[in-house]
Amino acid sequence: MSLFDSLIAGLSLVASFEAFFALFAGICIGVVGGAIPGLSATMAVALTLPFTFSLQPITGILLLLGVYKGGIFGGSIPAILIKTPGTPASSATILDGFPLAEKGEAGRALGMALWASCTADLISNLALILFAGWLASFALSFGPPEFFALILFSLTIIAGVSGESLLRGALSAMLGLLLATVGLDLVYGTNRFTFGDPNMMGGLNFIAVLIGLFAIPEIIAMAWNPTAHLGKARALGKTKVTFADYKRSFKSIVRGSLIGVFLGSIPGIGAAPSAFLSYSEARRKSPNKENFGKGEIEGVAASEAGNNGVAGATLIPLLALGVPGDVITAIIIGAFMIHGLQPGPMMFVLNVDIIYGLFIGLIVSSVFLFIVGSVAIKGFKFVADVPKRILMPAVLVLCIYGVFAVNNNIFDVGVMFVMGWVGYVMMRHHVPAAPFLIAFILGPLLEDNFRQAMLMSGSDPMILLRGPITWFFWALTVITIVAIIRGIARKAPAT
Amino acid sequence: MKKTTLTATILLGAAFGATAALAEYPERAINMVIPYGAGGATDISARTIAEPLGDAVGQPLIMANVTGAGGATGSVAVQNAKADGYTMLFARVGSHSVNPAMKATLPYTLDDFRFVTVYEINPVACAVTPASGINSMDDLVAKVNEGGVSYSSSGVGSLLHLAGAMVLKEFGVEDPLTAATHIPQKGGGAAATAVLNGTATFLCTNSSALASFVANGQLKPLMVTTPEPVVGFDAPTANDLGKEKLNKLVGWTGIAGPDDLPDDVAAKWGEWMATATQDAKFNETMSARGSVIELMNPVDANAFIQGQFEIFRDLVDELGMRIEG
Amino acid sequence: MSPQVIQTRLGIGACIAAAFLIFVGIPGWVSSPSNVQNIVLAPTFWPYVLSAMTGLIGLGLILAGRRTGGAASDEEVVETDGLGWPRLVALALIMALTMYALPRLGMVWTTMLVFAATAFLFRTRHRVTALICAVLIPLALYAFFAHVAGVGIPQGNFVRLP
């Protein structure tokens, strides 16, 4: 079948009211679900899954994809408005989105988040359609040694989000790495810092840590000084993002999207590291570096491009290899299988109509996302006008519900509270929270892949340099570290 | 009429607490704990049965994923719950026969649960990549004896971990723990990927987890552990190869409550499951995923799980696989 | 607090934490089986590496704290009313009580109390609004999570909601 025939076949499959309605409804569900901290894109997809059982395969899958894409964008809404990421992927958006909201520019930040998300979504979908086969075979050449090198490189983004002091950023990262060791050991299954508590054996819940680290310290700070915010313009202020903003950030958006496509096509990394990497790259390249972290619109654009760039690309390993890239795509694979579809190379031969149907649906989804997102921003913006001393208790209550809902476990609420105090102490000592979070995400990946590589080679460290991909990332790591050290050396005489 | 009784029971229940309420079990929604993450085999199986089961129960079933520690976190949540039949667990081969057999420090034992049913059996299959040049179990064993063979699993103490060792042992590998390297991954998807990208040589896991890879020609099945062949798997059965003992190596999903679950509650679950598993759509969906629907009553379920547990425990003792500390 | 004090304090804190982990924490709370073939594969290897690096960073912070001049930036204004500490303690107490009450009272009733208590702790100017919100927001969240999202929100031993 030629490409044209495939396209027609796909079009005939999706060209129905139900298919587009499912996609649209999915995006609506996703945006709302993503906007509620704790509910997150993952939960929203899991909750929608049973509804797809009775739908046509293509309709059901488009519904789920809609939820996924909507959820990833929706997460940025609470990240900007109340410093609580609705989805782990939007934690990088906090770094500049929340300061913008504090400055009274929530509308501008939200608008930029939407524009960047839609642009990245489109780029990511195009990458999926054009390069799926090629990127998939590339993804399969990533074994533990390659992952180890890639993640080691990714850890250098800590320098990009450390703010004024690299040492304090490194300290924060170390705490994150240490905390991530809690739980059962990967290779031997023994207890590490669990104190015999079955709740600790699974490790600390990521979302509980995340919300505890970002949202709760704001509430504690409010108890320290309830009137600190008075006199600050927290209202919506200039509500619109301008085309000039978009144009200025366009490079960062494209760069972020490509980072997202790259990391998304490799199974097992996910959207949060991609958003941080994109953010740190944008900061490194920007002429007004100093403004990052204090409310720089380009930071919001880069983060959102980074995480939405992943959304389309995670479908590459899913469709081309049948391998889920993260939890959400694992659920989507489940939906494929329930309908008797088996994602993988053969699907491009046997069910090519469905593949092209999905492609068409995905392209449309970027447009739908823009429409739904614009409405959602209007709907949620009122949050910025709520008096802060009413808003904060509401955030606290919302976080309790949300964190409980993630894993149906009250223990996680306790983790959130404790992490809140840790975050508050860190805030008081000017220790940045972002490196902690990045380390908490990447730490277990780094350790696991290191140990898997050691198991593969019988503890021969040379396996960590086994091929061009590893050399490439090692070289990048070295270059980045040298650049960081030079940056410090240049700054030192000045102070 | 029915509605008034219901309202009356709710009011009574609120007034007299849980004991009075038990008389009319179930008079409110039942919490069903799934100890594994969304999208996994247990989760999909649980959510598929939930629909017909909810109709049979006549009350909503609230599905709650409580994940962590290979199913231990969710299992403990049910172990510690009130035995009033309003908190039940979807028990799985990993959490309730492999884990208790392998982990000395597990915070629960099989005796802490009362199984009311096992409703699904998943055949286990072993697979390699076509590129590996391994075409049969004999090839694999020969390779193992040469050295350098590894197998992936979804984690320490998972079915996949034990299955890899058990299969090699049955095929005459003296000390499978040192002859082949176990490379644990995080989750079943990652385990399959590890074989695909050459990190590990083979894996043994539920056929449903492998079905799409086999259909796509990405993985090559070497054998299945059931006496009957599995649809879509062009591989000999364990019985064809003369290893009947491997028939016990199957995955299953069941439902359990805390150990002091009252008899009448257990009996009710037996009835409900009998109704629910008749559902045509449920059967169709599950078979499409390669599961065999096999309903066991509470007594059979307990015997089945205990039997599998003992075989696994003996193997763990023999190979010294127990995880202490 | 001047940057110097902060750096030094953090440095000392990091060093103490590292020493504690290396000498007490890891030997005590990380169990490692006896049959580990290689040191790099041991469950304790990674925690040891991390602790050591934390210690090094701590030393670095102490050194950096000594090098940077003292009164660089004192942007932190001391709190306005001197009641900061009592309020922090009160908030910590509220959180501890929340953890106690969640399984017993149920999430809805507990969060109502939490909302009211924190709103008054923050001395809100809109008292009536706060009280109304304290009742309505937990109810709305319950309705959403329990009936739309199908989450089993803990109900507690006393009054159950439908």
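Annotations for the structure displayed:
Letters A, B and C mark the chains as written, and numbering starts fresh at 1 in each.
Everything below uses one rule, namely that a contact is a pair of C-beta atoms (placed from the backbone, for glycine too) under 8 Å apart; a residue touches a chain by one contact, two chains touch by 3 or more.
Predicted model only: the values in this text are computed from it and were never measured.
Innermost chain of the displayed assembly, by C-alpha centre distance to the whole-protein C-alpha centre, is A. Annotation: A-B is the more contact-rich of the chain pairs A-B and B-C, by number of C-beta pairs in contact.
Note on chain placement: the centre of chain A and the centre of chain C lie 23 Å apart, centres being C-alpha means.
As a whole-number value, the distance joining the C-alpha centres of chain A and chain B reads 31 Å. Chain centres here are Cα averages; for chain B and chain C they lie 36 Å apart. Touching of two or more other chains is recorded for residues 31-33, 150-152 of chain C. Of all residues in chain A, those touching 2 or more other chains are 43, 185, 187-188, 190-191, 408, 455, listed in ascending order. Each of residues 64, 323-325 in chain B touches at least two other chains.
Remark: chain B residues 14, 17, 28-29, 31, 62-64, 323-325 touch chain C in the complex. Partner chain A is touched in their complex by these residues of chain B: 33, 37-40, 43-44, 47-48, 50-51, 64-70, 72-73, 76-77, 102-103, 105, 107, 150, 155-157, 181-187, 189-190, 192-194, 196-199, 208, 211-213, 215-218, 281, 285, 288-289, 323-325.
Per the touch definition, chain A reaches chain C in the complex via residues 36, 39, 43, 47, 165, 167-168, 170-171, 174-175, 177-178, 181, 185, 187-188, 190-195, 219-220, 222-227, 387, 389-390, 392-394, 396-398, 400-401, 404-405, 408, 410, 413-414, 417, 420-421, 429-431, 447, 450-451, 454-455, 459, 495. Contacts from chain C toward chain B in the complex involve residues 31-33, 150-152, 157, 159-160. Of all residues in chain A, only 42-43, 45-46, 49-50, 53, 140-144, 183-191, 196, 198-199, 201-203, 205, 267-268, 321-324, 327, 330-334, 336-338, 340, 342-347, 407-409, 448, 452, 455-456, 458 touch chain B in the complex they form.
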